[in-house]
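For reference, the structure discussed in these notes is given below.
Chains: A, B, C, D and E, in written order; residue numbering restarts at 1 for each.
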Amino acid sequence: MALLDVQSVTAGYGDTEILRDVSMQVRRGEMVSIIGPNGAGKSTLMKTIFGLLHPREGKVFFDGDDISGLHPYQIVERGMCYVPQVSNVFTELTVAENLEMGAFLAKKGDISARKERIYDYFPRLKERRNQRAGKMSGGERQMVAMGSALMLEPKLVLMDEPSAGLSPKMVGVIFEQIKKINDSGPAILIVEQNAQLSLQMSDRGYVLASGENRFEGTGEELLNDPEVGRLYLGG
Amino acid sequence: MQKTDDGQHAHKKPPVLEVRDLVKNFGGLRALNRCSLKVAEGTITGLIGPNGAGKTTLFNAITGFFQPDSGRVLTDGQDITSLPPHGVFNRGICRTFQIPREHGTMTVLENLMLVVPDQAGERFWNCWFRPELVHRQEREIRDRAMEVLDFVNLTHLADELAGRLSGGQKKLLELARTLMAEPRLVLLDEPAAGVNRTLMKRLSENIEYLRRERGITFLLIEHDMDLVMRLCDPVIVMSEGRRLMEGHPEEVRNDPHVLEAYLGGQYGAA
Amino acid sequence: MEPVDLARASFLFLPLVLLGLLVFPGRPVLRLLLAVVAAAIVALVLPLWLPRGILTYLASFSTMAGIYAILSLGLNSQWGLTGHVNFGVAGFFAVGAFTSALFTTKMPEGALAAYSQQAFGLEWPFLAGVLMAGIIAAFVGFLISIPVLRLRTDFLAIATLGIAEVIRFIFQNERWLANGPQPMRGIPRPLDCLFADPACSWLPARVANWLAPLSPRDYVFFYLVVVALIVAVVYLALERIARSPWGRMQRAVRDEENSAAMNGKNVTLRRIESFVVGSFIMGVAGAVYAHYVVSIDYSHFNPLFATFIVWVMLMLGGSGNNKGAILGAFAVWAVWSGAAFVIDMASPALRAISADLPSRGAYLRWMLVAILLGGIVLFRPQGILRERKKVSDFLPKDE
Amino acid sequence: QEAPPEVPIGQVVAFTGSGAEYGVFYRDAAKLALDQINVAAEEVFGGPIVSRLIAEDSNTLPTPAIEAARKLVEADGVPAVIAAWSSGVTVAIATSVTIPSGVLQVGNGTTSPLVSILPEDAEADLLFRTSPSDALQGVVAADLAAGNLIDDYKFSTAATIYINNPYGQGLSNAFTAAFEKRGGTVLAEVAHPEEVQPTYRSQLSAALKDNPDILILPTYPAHTAAILKESRDIFDYTNWQFTDANRSSEVLDAVGGADLVGKLGTVPSADPESESYKSFAEAYKAAYGHDRIPPFSETTYDAGMVIGLALAKAIADGITDPAEITGRELADRLRPIANAPGETIIGGSQAEITKALQMIKDGQDIDYVGAGGSVDFDENGDVKTPVAIWQFTETGDETINIVPAEQIASE
Amino acid sequence: MSMQDTPDDAVGRRHDDRSLRERIGAALRSRVALGVALLLTLVVFWILGQRNGASLSDLLSLTVWGIMLGGIISLGAIGLTLVYGVLKFPNFAHGALVTLGAYGAFTIASFLPRGPVLLPFSFGWELLAAMVLAMPAVSLVALVVDRVLFRPLRQRDASLVLLAMASLAAAFFLRSSIYLIWGPDFLFYYPGRANPALHLPLGIRIQADQIFVFVLAMILVALTWLLLERTRMGKAMRATADNPDLAQVRGINTERVIAWTWVLGASLAAAGGVMYGLASQLRPEMGFWLLLPMFAAAIMGGLGNPVGAIVGAVIIGIAQQVSSSFINPAYGPGVAFVLLVIVLVLQPQGLFGKGGD
């Protein structure tokens, strides 16, 4: 059974409907990419999965349980983490505090060990651990956001454009880390404009356009599909 | 793409933008460390560098957003260091924000119409006493705004509140706004981050077109190396608050320092 | 119809026309026609239908509501357009009131001088006083805005609240300026000779005859016309600029200052500009108020009835909407005044609940106001009228 | 016998705001007067003559007070209002509502000297008050402090802490002028805000800086209580002299008797030993169960009573249409019923009021003597009353001396 | 193509060509400079006072009383700053909570047996007990108000002004309830009881009660600070204050955090009310009138920072008291406000606020 199962979800803001009948799955330990043009509803889908928006129709199952009506904090408790696309750090808290907030639900003991692990991934954060996150450069913030999501050892991580704003070197590092994380157990659902790279690494991918599921397949398939390439990959 | 080397030319005329020994400290952190660079007229200059190198800070210092601790900013040889942001804008320099700062409760169209400088209707007595003039200008401005929206693929959202756009759409709006201003120099802070690659490809063609046909100069921060390679010449590399090097894209790409500090493995292999 | 009623009706006509223009939809000419006809009918019917006292009460109610409407229009030009959270309305209101009082009263002399002190008394005409009130209030607004407008919105609120208090302290403590804690009196009512006996000497006989049946008690009908005209002028002036490039710029500054600055707008100047415009209007409101109540002192400018209530009016009416600002002023003032009648009428029922409940009507009135305000905020947060969503009044509609 | 016309009477009173603690007392005092009038009228005219007392909240602020007065005058059509304790509110109502509308206004706690000579009222003669001008009390307070009234009670320097409103400032200024005229020195006049403060130390410190012999306190009980406590506890200073508004058992309760007993104060008119005050107090406490009578309750009663008597006189004069009972008609009858000549009517008890109405009906002259003084209106609509010297006792306060109105120097 | 710039510090220094104005401006904006400026203001106040004939011991006393007044203001201000910091709107109902605390304790105390006077203070155990009991009572009221009024607004992402208006409604409602329940009269906890001042060196006189109030304020500030910095709930509060959406994403139940914030803020308000009532008297509008100084203190100190609140309150207290030595004491609150505006212009985030340089 899939770890995450989105079953024909319809969702939106206020009166506007953004997602229409979207279904998708993430299996245990899998890495799945969602790609699509701007405004397709990718971030909306992430928010809906994570309980920040509630689906009007359809259901979201996580680990076998229906989580469609739950609050985000309840979802975190079940082992899902989320890196939002925007405003994803506590700007007034320091880098170290941001990381600690990531582990808010964790047991006391091992927080500093986890923090050290994050510092290993992103040495820059260690240098700046006492700086307020709001004062970090765009890329550095992205690292903080990723870092705090990884503080818990979740079953599933949602990432909304983690590589946006990162230097090529850091993109490499981040994807390497993502791969490493993925290999160590957690499943990953990732939204990326850097589709080439993320599809290469993903087990499977979905293409979302105008709030609908357009294509679905293994990373390889999508990369090689000429239409997908022309429309969404800038090929 | 073939680029002309007009380095010679640049010496005769003062560069559109010159930054001299700019320093900016944040507490103990030196974000700009006597950074100097020049942007020649009619180029699309790329500005790359690791995260936290000080690129955005440099933009902020140029546009009067921060007062630099020392150093000068000149445009066409004139000092604009202590001008406030709107003063810098009035010298024909326009910028986008890395993290979009749209006017959230105004529509996309209004966001664009706002930008045009020196509108008669911005003085409220003109609205009372010279409504005809204001009418005429508004119509022109609106038509221009619609053209620009078409340019960035946002026409269908003209009447949507800007605050409701998706992350990428907001970036497009940022870009669109600079085009409303008819600037001489545009500073773009990561225009492509979060923007779909297919769309970005079209946009970069349009940027190239603007440079060619309208003579607008661009200074562009970007991490998408494909875009930089395709679009920019020269490319300036910043690191730790100062200019590391400058050159043609190819040179930059093969420079070992740059490879080490910035590009990392994937381009190193290329 | 008796001559008294006819004469009163003639004064009601103009305010009713203006009201009609405000509420009727449609093309300008049609609207005017409709408004004139409707106003004529209503003006004639009202005096017949209502007891004289009630009609006078309604006129005085509308006058006060009109004064509040000017205030809330002024506030709207600050908050609705530019997002200044000015909780110091009372201060500008006071400055306007005292300025106009000083410019139009006579310097007290004789025995009166011992009880009544003021810095000067120039005996200028009413309109000059109103204008000066606006100018001085705008100037005070300008001085205050320089340090204060740099603050973030909520701090601005508290700072302006404090500054309004300081202004009130000044009027309360400086006896030489405007009689300190003692009332400053003798503020002339414009053209009050219309209702005196004999009427103003310059009045043509026909008009004098027409007015003859009216007594000073009916003055409020005339003042209602004055207030209605001023509200109309202020409304039109603001409406003209709300959906203009100027208004757009102000909203841009409200929304995201940094980006407005990067788009070449002089943010500081813009913010000051709208603050000063709003202060001017509030000053005018102060003047109109002073000439209405004839004697004023510091205690008229208490934040409760000169700041908070104005905010409630604007929120209820719909911030960002000038029509809403006017509507809100009338609605809230109606609720406040009406609550007195309601409590009056409900007192038998209240007595049934508890014997001494009716005697606590005053507290119940505040509770009613609180519940109403809470209700607005919860169920009608945009106010009765929403902010108009229109790109610009300077663009043709059909395109 | 046909039932007499009935008219409503209005009152503007502070139920909320800085004067809130008085509102209910004043409303009840006015109600007592009008109820007594009605009881008498039942007997004499065969029916009540006051349809009801409509008391509106002023919030202790002029803007709502004006609105309330407008409601009373226009919508409820009252010919007379009792309004409105504090002088600022009184003047605002008078100039913008009652005088232009031709409605009688009787001030019940209005003491500002300005009211006497208010030019708006010079011709209209519609503004009266049953409380005397501060000018008188200030003079007596100065006489007292300067040693002209009581043996062994003589000071050469003084300071005042006053509430910063027309009452406080008017009284403080009157005292200062009179005291200096009598050779004394006023070292400081310090204002405090109307809102109750967390502390009055800065005011006390300013007032006591040069060690005045006596501290005069023209302010209200809540402030007085707090000021006295701090003055005693922190400044070790207990040389206080009080004014009318301080004469409150609440002050005594709050501060404690030890330091208060024997301290003197002045108060216009109200002589608690007088027959009228006593019968008023008795009737008032019996009717409403109040355990104390704040200052100006008695003048409020008098205000209601003179309006009621004038109304009775208007009816006795043959007016039968309630609409014809205007403010003018009532105002013109105030002096006849309240001033000499005529048989003295001692206010406060039902019996006297019934007697008064009977006499009015019979066309006889009466001279009303109120709970708060003789209530004789002069040409300004002011009352000139004796000023009493009172002192705190263990259980309350007592009057120890009365300065008759004629003996008070007018200055 | 150019190579790396050669470092040359001498040139760097020569190029520090900011105008004098820019440099002075920058210097003024530093926090140390602001602290010095505030101290200087105090000194100027002292000099002005002395010019006006106040003796040194007068000035010293005024200063000490200012600090004590600051104690009263700060008790209310700590609660205000917490709620303000987390919920991000000026809560005009806080004054009503203060009043409610004072009156609540009054009623509770009347049911308790009256114990002996705790000399040198003027109160007995029963008042302290009543204060402690009033805290949960007032918290409950705050929670109900939040549930009815603020929570729906929050869920709708209402604007700051809307929330402020809602709090005004709550303030009116609570105020009229207080009028209805307790009547308009002023009350004392211990009518007739004296609390003679202690005579301290240098001619300073100060009541033991005042010292108690101030010490209590310090203790509560310390506790609040510890709670914010050291406990999970405190951390969650700070995170919620910063970005409620993200806090949810990180697994924080923000509604619970907000509820606790109300409990804390209202309890502090109640304590403040009791102390205010002890120092002065109980009036239905007492809290409303304290609102402005409380806001000024909270903002001057930097929102959300309890230490800032007490420092701000003390500054305001001192400004009010000491300025009375040379200007009309009626302007005291005005002086405090002018000071507030100056502080904010120089340091927009307040003395201890975050977000500044």
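Note that in this section a residue touches a chain if its C-beta (ideal position, glycine included) is under 8 Å from a C-beta of that chain, and two chains touch if they have at least 3 such contacts.
Labels paired with UniProt names: A, B = ABC transporter ATP-binding protein; C, E = Branched-chain amino acid ABC transporter permease.
Small disclaimer: the values here were computed from a predicted structure and weren't measured.
Novice: Hey, what chains does subunit D share as contacts with subunit E?
Specialist: C
Novice: Note the shortest touch-path length, in steps, from subunit A to subunit D.
Specialist: 2
Novice: Tally the contacting C-beta pairs at the C-E interface and at the A-E interface, and name the larger one.
Specialist: Output for the comparison: C-E.
Novice: By mean C-alpha position, what chain is farthest away from subunit A?
Specialist: When every chain centre is compared against subunit A, the largest gap points to D.
Novice: Can you compute the centre-to-centre distance for subunit B and subunit C, using the mean CA position of each chain? Integer Å is fine.
Specialist: 47
Novice: Can you check how far apart subunit B and subunit D are, centre to centre, with Cα atoms defining each centre and the answer in Å?
Specialist: Subunit B and subunit D have C-alpha centres separated by 76 Å.
Novice: Using CA atom averages as chain centres, what separation in Å is found between subunit B and subunit E?
Specialist: So the centroids are 45 Å from each other.
Novice: Subunit A to subunit C: how many Å between their CA centres?
Specialist: 54
Novice: What parts of subunit C, by residue number, touch at least two of the other chains?
Specialist: Within subunit C, residues 172-173, 360, 362-363, 365-366 contact more than one other chain.
Novice: Where does subunit A touch two or more other chains at once, residue-wise?
Specialist: Where subunit A is concerned, no single residue meets two or more other chains.
Novice: When you check subunit E against every other chain, which residues touch at least two of them?
Specialist: Answer for subunit E, listing residues that touch two or more other chains: 179, 328, 330, 333.
Novice: Which subunit C residues qualify as touching subunit E in the complex?
Specialist: That would be residues 79, 85, 147-148, 150-155, 157-159, 161-163, 165-166, 169, 172-173, 308, 311-312, 315, 319, 360, 362-367, 369-371, 373-374, 376-378, 381 of subunit C.
Novice: Along subunit B, where are the residues that touch subunit C in the complex?
Specialist: By the definition above, subunit B touches subunit C via 63, 65, 84-86, 89-90, 94-95, 97, 101-107, 109-111, 113-115, 117, 119-124, 127-128, 131, 134-135, 137-139, 142, 177, 181.
Novice: Where on subunit A does subunit B make contact in their complex?
Specialist: Against subunit B, subunit A makes touches at 13, 36-40, 43, 85-86, 124, 131, 135-140, 142-143, 161, 164-173, 193, 195, 230-235.
Novice: What residues on subunit D touch subunit C, complex-wise?
Specialist: Touch list, subunit D to subunit C: 15-16, 23-24, 27, 54, 56-57, 59-64, 66-68, 70-71, 73-77, 87-89, 91-92, 95-96, 100-102, 112-114, 117-120, 164-166, 168-170, 191, 194.
Novice: Could you pull out which subunit C residues touch subunit B in their complex?
Specialist: 237, 240-241, 244-246, 248-249, 251-252, 254-256, 258-267, 273, 277, 389, 391-392, 394-396
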